[in-house]
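For clarity, chains are labelled A, B, C and D in written order, and residue numbers in each chain start from 1.
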Amino acid sequence: MPETRYSAAINRALADAMAADESVVLFGEDVAAPGGPFAVTRGLLAKFGPLRVRDTPISEAAIAGAAAGAALSGLRPVVEIMFMDFMTFTMDALVNQAAKAHFMFGGQCSVPMVVRAPHGGGLNAGPQHSQCLEAWFAHVPGLKVVVPGNPADAYGLLRAAIDDPNPVVFVEHKGLYGSKGELPESPAPVAIGAARIARAGRDATVVTYGAAVAWSLRAADALAREGIETEVVDLRSVQPWDEATVLESVGRTRRLAIAHEAVSAFGVGAEIAACVSAKAFGRLAAPVARVGAAFMPVPFARSLERACLPGETEIAAAVRRLMAPA
Amino acid sequence: MTQAPLLLELYRRMATIRRAEERLSKLFADGEVPGFLHLSIGQEAVPVGVCAALERGDTVASTHRGHGHALAKGMALEGFFAEIMGRASGVCAGRGGSIHVADMSIGMLGANGIVGGGLPLATGSALAHQVKGRPNVAVAFFGDGAMAEGALHECLNLARLWQLPLVFVCENNGWGEFSPHERQFAAKLAALGAAFAIPYEEADGTDVEAVAAAARRRVEPARRGEGPQILECRTPRWRGHYEGDPQKYREPSNLDAARGQDALALAAARLAAQGVDAEALGAIERAITERIEAAVAAARAAAEPDFAAAVAGVYAEARAHA
Amino acid sequence: MPETRYSAAINRALADAMAADESVVLFGEDVAAPGGPFAVTRGLLAKFGPLRVRDTPISEAAIAGAAAGAALSGLRPVVEIMFMDFMTFTMDALVNQAAKAHFMFGGQCSVPMVVRAPHGGGLNAGPQHSQCLEAWFAHVPGLKVVVPGNPADAYGLLRAAIDDPNPVVFVEHKGLYGSKGELPESPAPVAIGAARIARAGRDATVVTYGAAVAWSLRAADALAREGIETEVVDLRSVQPWDEATVLESVGRTRRLAIAHEAVSAFGVGAEIAACVSAKAFGRLAAPVARVGAAFMPVPFARSLERACLPGETEIAAAVRRLMAPA
Amino acid sequence: MTQAPLLLELYRRMATIRRAEERLSKLFADGEVPGFLHLSIGQEAVPVGVCAALERGDTVASTHRGHGHALAKGMALEGFFAEIMGRASGVCAGRGGSIHVADMSIGMLGANGIVGGGLPLATGSALAHQVKGRPNVAVAFFGDGAMAEGALHECLNLARLWQLPLVFVCENNGWGEFSPHERQFAAKLAALGAAFAIPYEEADGTDVEAVAAAARRRVEPARRGEGPQILECRTPRWRGHYEGDPQKYREPSNLDAARGQDALALAAARLAAQGVDAEALGAIERAITERIEAAVAAARAAAEPDFAAAVAGVYAEARAHA
């Protein structure tokens, strides 16, 4: 089980998928010759050649739209949108074309494409380079949304996303690229829609995904020192999301906090909170808590960004409030 | 000059589109067609001429005014009518309707409710042909109104950079909805093509032989790997933007001028000069009408779409993973 | 109090706002000479001239972006996006530019613009002409989202939206344009963020907005015949939304259903359900119910669309379930 | 030939930008500048030349590489440094940083993190000038990489249709991030301009006098109501795409060629020929350095931004309604 960086795991998943299936192609801004703005696609041009690995002009709408068209015509394109903030330009291609084609053409075709998009703050990159917009895509029937929180999941979920016949938004986190974790010698795909118990615990459940998994695990460590055993559920995908695993965990702990980096209001956590509050009605020991970014654009200055984005501290505090006697 | 048999076949295809859309107009008026209905009556020479230059493996991305593209590419009338009438037997199982008729088995990637929406799809389809080494081209049909969308610019550029086997076909009917083209777009497509060094040709969109010849001249270099091509066809808009549009914004003279350009009449006159008599055309028309009536009857008899199947049809089924 | 159509109320609000403030300008596809695709802007070109009322080419991204730029330079633009489905093209202008400018430029400027966009199905217009996407915008700090359900609110909220210094997405419903309601001789603006009790009731609360207000009122009528008194709260705006009024109502009824036409999953109702479930924890007599469209693109065929979209029947059924003994 | 006093002033402005960015580079290396930092060192002649043709009421929409535009339009060094260093006294209260420096009081509508994002903003600003009857123009700065975005196409069209007082200024430094321009865009801007019948002119982006003269020739017709104009300036990219970029993708010869084009050295040589001696330039440089160091010191001494104020600053305050 060698230690692998998150970015290297993605790179390996791309390479393995391209080796396994000639239909898999890669394109995006600076992904080929320069090896990707975050060096995630390094070496793939040399391995698979310029027919299958291409730099594009700065044309996000056409990148996403061409991916949809290519998927309709026999390719399995994996495209990169350099920052999730620029997914704004891909909305029509994704929402009106890719997401609907299988359904609205009566099941004649599928649209096996993956859009990789790094989200998240922590780099002081400011309001237009830090957003977490996955809730938009989760609201769109026909799209899947995957958010790996560690290298093994990044590998396994990307393989599954590329194999998937549906358009998948594959959300990476800029802050995770350098993080390390174990990756098996022969890693397997990870099913989309299956959460993972990242840490078992009996007192409270934290449901989370992406970079917030690590924060939640650190919060759980801190809480354990106070005698609070927190179960951490890594959703791994938010559309579909693994309701059964979440309900099972909450059924045991009777306390739920949801943690993500995106703004809380109208975020992914709202759906989970609404669903669990209804389905576990009367069995919860405390109201479902939500931890997310403050309701504001992600500010630039270090102190502002730190105050805006949630982290270990906020998650631990939320769990402590769950444990407080009503 | 084209031999009569070919022109006759082109006539037959144009007449099929015309009669099918006339029938739809009637069905719409009678409440048998839900939703919006955009007819291409008067414009038949463009899809028929262009598709005459295509092969089955070639792909076509269409527009909201896509009936002609669908039928010219080879969509069967049964699935076509059933779809537009909202039946389970429709080519899209009644989920798409007029604006989304599609048939992947013949490379018809769908009519499209998004103006300019077909441009990136065709670009991607051309990319697939290129990567897979297929001897095929993709065609992006778009209206003059779509020229103003940024998608045109991005796709012209991408197609040229990658020398994709892609033919941009503009159906310039002079109108984008309720506004004339001149008030919507300040450039000529020819000049845009020149700016990107993409070969451009204009054809008379009322003359199916001229369109077919020009389409061959554009499709073949694209097929040979010489990169994208542009074909612009001026074509008349006979009807309102959609059925029910009273066209108050339109001068009667403009409408008259449009109605004066009749691709079917022009082809019929040429056929007559070549010795194909009215009798022969009449027989063709009767056969078309019979097929259309059969398709309408079948659609009427067909089941309503199944809601449970639709609910289950949002996602394509994924392979199982550990 | 003359009876006025919803579309006429919007037209009047535009005319009054333009008469009151020369900075208000109007542009969009076919809004000037043709008077609007739904005839909502009819007559305004004649009244205010071609400098202030303009037809645009089919360039939604530029329409929204130019509106933001114009708002930064002293105008109060009101632009129309013909169907809310085409807001996909405006996301960058709205989310990355308009929504953030006031904040990220440190409060130097405001962006007083309104994007009018009709949403909703019922016309068999199919998957790309029927969507309700307001949840996307509600998730974006800096945007306001207004959803009037009747002519008086359409007038009053549009006046307020135009007056507002922030970018406002003004969501109309295609199915409401022809509906009638009372409009005072001298109608006043309606504050954004204040809900309206559309019908008082003691047994259950239905929180709703837009076209679903009428469905909810009809459901309440039906329920009343069964002895169930339903309070109907018309949110009128979903960002901000009137938490106080909702909590007050639910505090009395102890039962809440949320009804909107948009897909339930990750929709506006999720936020309200999450919030109320937490804040009224332990005081609810039943789990919060959500009524929304089935999770699918809006299908074309009449029977499919009817089955997909919610209505009076689904709302009444949800309230009945709220009343059922647990 | 320009009189020395004007060229001297242009030199002073260019030197201010150069020294300010050199200072930022150092501050960045020292960890005093958070986030990404895109420097325009080597390109100073373009913002300075263009802004020399502008008036205070004219507006400018900028790019991610916007320091030059901000300073050339008149942004004060104090607010500039404090913003990029993330202080409460920053021109954007520390909320935007380098990629978002803006000063509405001088018509600087903001640097922009979105490639091509300034194009529609400038289009709208020009519309506002036109509607309000102001004798002003808007300028859209954009890089060669931005040419591929659909926004360019849509805005060229809209500006031409409406004859807006808008000047498109392309800073063509030959690179879009890590890829050369030729691999990103297949058209020439001149030809695109011609397609839309928008007057186009190219200027040497190393020669501030040439840029200023060309900018005047483009700004004045726009101001007179003759519609949009295009100015393209070839300009060298001396640095990496952002600070810290090792530029492995770049041939040393390409970098050397860029460094060989020095707007400041060119202006200094001309000034020398006109009798402005090194002494005089030295004095200017010393004054600039002093102002910069004062601004840096002030920024260092300034407070951290206030989070509560930021939370309260998401929405502009609305008037009260019933």
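Here is the rule we go by: contacts are C-beta pairs under 8 Å (C-beta built on N, C-alpha and C of every residue); 3 or more make two chains touch, one makes a residue touch a chain.
Keep in mind that what you see is a predicted model, and the values were worked out from it rather than measured.
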{"item": "Of all other chains, the one whose Cα centre sits farthest from chain B", "value": "D"}
{"item": "Rounded Å distance, chain B centre to chain D centre (Cα mean)", "value": "46"}
{"item": "Between chain A and chain D, centroid-to-centroid distance (C-alpha), Å", "value": "36"}
{"item": "Between chain C and chain A, distance of the C-alpha-averaged centres to the nearest whole Å", "value": "30"}
{"item": "Residue numbers of chain D (touch at least two other chains)", "value": "90, 92, 94-96, 100, 112-114, 117, 148-151, 154, 157, 161, 183-185, 310, 313-314"}
{"item": "Per-residue overlap in chain A, given as positions that touch at least 2 other chains", "value": "57, 59, 61-62, 85-86, 92, 96, 103-104, 126-128, 141-142, 295-297, 299-300"}
{"item": "Graph class of chain-chain contacts, one of line, ring, star, complete, other", "value": "complete"}
{"item": "Residues of chain B touching chain C in the complex", "value": "34-36, 86-87, 90, 92, 94-97, 99-100, 112-116, 145-146, 148-150, 176-179, 183-185, 249, 304-305, 307, 310-311, 313-314"}
{"item": "Sites on chain C touched by chain B in the complex", "value": "29-30, 33-34, 37, 55, 57-59, 61-62, 85-86, 123-129, 294-297, 299-304, 307-308"}
{"item": "Residue numbers on chain A that touch chain B, as the complex places them", "value": "23, 25, 51-52, 54, 56-57, 59, 61-62, 64-75, 77, 92-93, 96-97, 101-112, 141-142, 144, 160, 163-166, 188-192"}
{"item": "Chain B residues touching chain D - in the complex, by the definition given at the top", "value": "148-154, 156-157, 160-161, 183-188, 191-192, 194-197"}
{"item": "Contact footprint of chain C on chain D as seen in their complex", "value": "59, 61, 90-96, 100, 102-105, 109-110, 112-114, 117, 119-132, 138, 150-151, 154-155, 157-158, 161-162, 310, 313-322"}
